[in-house]
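Shared between the two complexes below is subunit A, which has subunit B as its partner in the first and subunit C in the second.
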Partner chain A sequence: MSDATVTAKRQGPSWLILPGIVWMALFMVVPIAMICYVSFWTQTTFNISSTPTLASWKQFFASDTYTGALWTTVRIWLIVLATTFIIGYPTALFVGLFVKSKTLSTVLLVVCVIPFWTSFLIRVLAWRPMLGKEGAINIILMKLHIISQPIEVLLFTELSVIIGMSQIYCVFMVGPIAFMLGRIDRNIIEAARDLGAGFGRIFWKIIFPLSLPGVVVGAIFVSVMVLGEFATSSALSGRKVNLLGNIIVTQVGSLKWAMASVTGVILTVVMGMVIAAFLRIVDLKREL
Partner chain B sequence: MESRVLKPMLAVYVVAFILFLYGPFFVLGILSFQEGPDGGPQFPITEWSTYWYRQIFGLTPPSRIAPLPVGEALIRSLILAFMTMVTSTVLGVMSAQAFRRKFRGSGFVFYLIVLGMMVPGVLTGLGTSLLANNVFDITRHWYTTAFATHVAYTFPFAFLVMLAILNRFDGSVEEAAWSLGVSPWKTFRKVTFPLIFPGVLSAMLFAFTLSFDEFPRSLFAAGGSEDQTLPLAIYGTFSVEIHPNIFAFGVLTTLFSFALLSVYGILMGLSVRRARKLAMQEEIA
Partner chain C sequence: MTTQTAIFRIDGVTKSYGGVKALDSVTLEAGVNEYLSLLGPSGSGKTTLLRVIAGFEVPDSGRVFFQGRDITNLPAHERGIGFVFQNFALFPHLTVRQNIAFGMANGAVPVSAQETAQRTQAMIDMVGLTGMEDRGVDQISGGQRQRVALARTLVMQPKLVLLDEPLGALDANLRGRMRNELRAIRERMGVTFLHVTGSETEALAMGDSVVVLDRGRIIQRGAPDDVYSTPASPDVAHFLNRFNLFDGTLVDGKFTGAFGTVASPKATRAPRDVYAIRYDRLRVMPVSTAAKGPALKATYIANEYLGSSVMNFFEAADGKVVEVEHHLSLGAPETYEPRQDYLLTWAADQAIVFGREGK
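Let's turn to the complex of A and B:
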């Protein structure tokens, strides 16, 4: 057998990619195109017709409820992105860089991942007895005489949504960052230390820049999940915090498909800008 | 040295971090033993009991609190997760296999697939139900439209896992088989597949757990309220009053996941041991 045929066979025929392309086109690209299309449809009380109109778009930007949801989404996304990074980075630093034993770092990562085998909705719900007026945090703080009155802003506020999301999503920061930190050649750090650099300098000049791809991958994970959220906000804010996702769910619930689609398009655009910005910093395919 | 101060500090921090991750679970676990049917989903525990666990299995007399509608929903979710697992793993292996050769537009196709794990479920769910309602005029079900969106979500994970495995794969064993005249399909079955099997297992585990817990996609794409999946049944309890039965159920599902994880661990261990054994036989021969 000639070398050429062996090489051709080794890499596998390229038609194998077709089913995957077809599936993603049919069940991801076409549905999103459909959302864009329907956003220009005419909404009647319980139905939609395909007569083109800009009515729903105008309605979106004329209403404080809808534009407010857009800004709430962006604000909560930025806050949760910051908290997950601040909470997650030190953990990743310990797991990826400071733990010498491979077993211990694996064990720590597994410990971080275990909660994910509980239903997402139950994980969200678990914050209610934690944060409530008679919740665990208030009881503990009162027992310790740190506070005399229960803190009421803990539950059914924007704060509870942020706390809940930070806990649920911070692990997605820890994983990629710890992975990148683990790949750093220890000799570089040793060399810098031998040359007299302090830890602060080593961290800012070597460790942090090398962990940056991990930060970006983690940020992409957290961003796409927070931007598309609606369950956490409705369960922990008592419907006070409305994200774009919440708008879509309530609009579909009242059969306002056109308005749900407009919100969907806006969410897609926000998402697209965020992902594109992050991918400019790091080439995902190369980091694999 | 800084690391002598820094390392213990970070260790303490990590302990606090783990407490933060697990805190709600402890509270959830404790409250699941609340007395029933009158005990609420908050402190204090009026009396310790296993009432809510018994209620899930239908072992308590009927009370004003309806039991969770989980029985059939659980079976539906398991079947859906299984279907999704098989389909997305097959698609993942095929696509990753194709990616071993550079082909035109491979960068584009890579991002097309990977986007599936990035697009929020609200969007694919909404789009799919719009298509089902207005273009194809079909009823939405968990085993049709929801299944399609689930695979579009889990297939990218399976694909990435297989890509990582095949990137480190030594192709010379396949070449050896081909030069001995073995057909490509038989080579894949007898040589390639056994070698990539640990990766296939991981891809399956990913797809199964993601689909089993998938909620936004199902919410839109599974249609009617008669045939709910498990997350939908749990979500149904959100809007009404919460009772500790949902906490007890949370504890049970966590235990179930651990069982699943153990099965995965055992299978993984067995396949590693078998590979080692084969390698040893080869050495002897």
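Let's turn to the complex of A and C:
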């Protein structure tokens, strides 16, 4: 058998990819092309026409509201990414590496997923009675006499958005990291110990590099979801925090299709850059 | 407690897992530059023993000494004992060179960057991996991975290296070559090796002395030829996989079994009465022969060609399979008729008899 036949056999008949191509074309390529196209349409107060113009683009970059939303999105994304990593990595380390029993680590992962049994909106809104001026956290802190005045900064601020998003998306960081950590051969860690490495060196030279693909996958999950967020920010910030997602919702709501499209294109470009940057860190093809 | 010549000594070490004793007050020591093979079936506690010495497991009781120092409570990374894992346990994200240099950067023994590079290169040359330094460890063959594992351990210049079935993952050909290399390395470097294996041929071939472990206890220790020719118990004879073992009764220096009653004046003391005769000590005769001494009527079943010898399988009346080995150096093998009865005989003085009344 020649090499060519072997390759053909392994790849299988090429028409199998057709449904995938049709699917991606219908639901990704065409919509994105459409958004790009609409972003150059001419928008008047009550009408929209397909006459090409750069007006919406100029308006986006001229307005503090829109560019401000872009920076807020980037800032909140970075902060949430950092907090989910800081909270998620040790958790994953515990679940994926320190828990020796496979059963227990599966149970713990399921526990992490339990909040997902309720709807996304409920999870977001549940933070209100927690964080509010007369919410659970303030009541408990006052009962314990740790504070005398309720902390008002907890709800309807950027902080509450960050708290809410970190909680909701943390599990997407924990899962992939725990998975990668669970795949590390325990003998490797023992071998490192045998070669005289203390815990710090084992962690930085062995465990962390081997878990990096998990970190990258988790970071991509979190990034994509946080960058496209609008519900958490509107529900927990009292409309004070405007992300690109919120801009899109508002613009669509007021039938400003051109501006919504501009924002959509910018958001897509940002996400694309973020994902490309993460994929440069590790060669996922090789690691997974 | 320790003698001057012993490089390591374990003293009454016991280790249980959930009530099951993996090690039952094991005492063992090895001299400088000695090659000790540890033979035992799986589950005999041999890997646990290595892990206790390396410091991956803390014994429930007993002490571990290394170079005259009590290291029972010393963490593994401060012990300076080399360990070669069964599956090699190479660092998958590092190159061959980085794997080998890993230990020297850990600071347990301060090594300058220049010396690290030098020693790494010398070790790479020694194990024959020159030219592969910058390959990933998933881009080299099993035998080469084995060498990286060995080099990574030896470059630390340990005085004691523990090998956990290091040849088990290799094919027969490579296994033979690695065996020779291990011996050569040890002669060059002056290291004590403690080699765990489940293969009796490997244990007998490699060790200066062989330690046989069963159910967490050492049941025999001796030079390979001593262990081979005079197993201390029926269990040892069984692990060596070289003996036909017959049950029976030993009374007043006479062993009675399926082959008749044989005078056995020199029985070895054992908890049960067993008659052992080596595979290559049996003679196959026509069934009509009037044999002097022990004789067993058995039906020929099949044979197996082993390269240097032929193993013939017979079935005795009670269903027991008796193996007869014919070394090809002694001449061409005879051919036997399947399902035909033959008479198996042997010289009574070549048997090893175990019994409760033995000495």
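The definition used in the following text is that the second predicted complex is superposed on the first by the 269 of 288 C-alpha atoms of A that agree within 3 Å, B and C clash if a C-alpha of one lies under 4 Å from a C-alpha of the other, contacts with A are read in each partner's own complex, and residues count from 1 in each chain.
Note that a contact is a pair of C-beta atoms (placed from the backbone, for glycine too) under 8 Å apart; a residue touches a chain by one contact, two chains touch by 3 or more.
What you are looking at is a predicted structure, and each value in this text was computed from that prediction instead of being measured.
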With everything superposed onto subunit A, say whether subunit B and subunit C fit together or clash. fit
Which partner does A:196 contact after superposing on A: first (subunit B), second (subunit C), both, neither? second
Touching A:275 in the superposition: subunit B (first), subunit C (second), both, neither? first
Of the two partner chains, subunit B (first) and subunit C (second), which one does A:230 touch, if any: first, second, both, or neither? first
Subunit A as apex of subunit B and subunit C, Cα-centre angle in degrees (nearest 10): 80
Could you say whether A:210 touches subunit B, subunit C, both of them, or neither, answering first, second, both or neither? second
More residues of subunit A are touched by which chain, subunit B or subunit C? B
Looking at the overlay, what does A:48 touch: subunit B (first), subunit C (second), both, or neither? first
Lowest inter-chain C-alpha distance for subunit C and subunit B in the superposed arrangement, angstrom: 7
Under the contact definition given at the top, report the residues of subunit A touching subunit B in one complex and subunit C in the other. 198
Which residues of subunit A touch subunit B once you look at their complex with the stated criterion? 1, 6, 8-17, 19-21, 23-35, 38, 48, 50, 87, 90-91, 93-95, 98, 108, 111-112, 115-123, 125-130, 132, 134-136, 139, 167, 170-171, 198-199, 220, 224-225, 227-231, 234-235, 245, 248-249, 252, 257, 260-261, 264, 267-268, 271, 275, 284-285, 288
Okay, in this complex, where on subunit B does subunit A touch? 2-3, 6-7, 10-11, 13-14, 17-18, 20-25, 27-28, 31, 41-43, 91-92, 94-95, 97-101, 103, 107, 109-110, 112-116, 118-124, 126-131, 133-135, 148-149, 151-152, 155, 159-160, 163-164, 167, 171, 174-175, 178-179, 184, 209, 213, 215-216, 219-220, 230-231, 234-235, 238, 242, 246-247, 249-250, 253-254, 257-258, 260-261
Using the touch definition from the top, list the residues of subunit A that touch subunit C in their complex. 185, 187-188, 190-198, 201, 205-206, 209-210
What residues on subunit C touch subunit A, complex-wise? 54-56, 75-83, 85, 87, 89-93, 102-103, 106-109, 152-153, 156
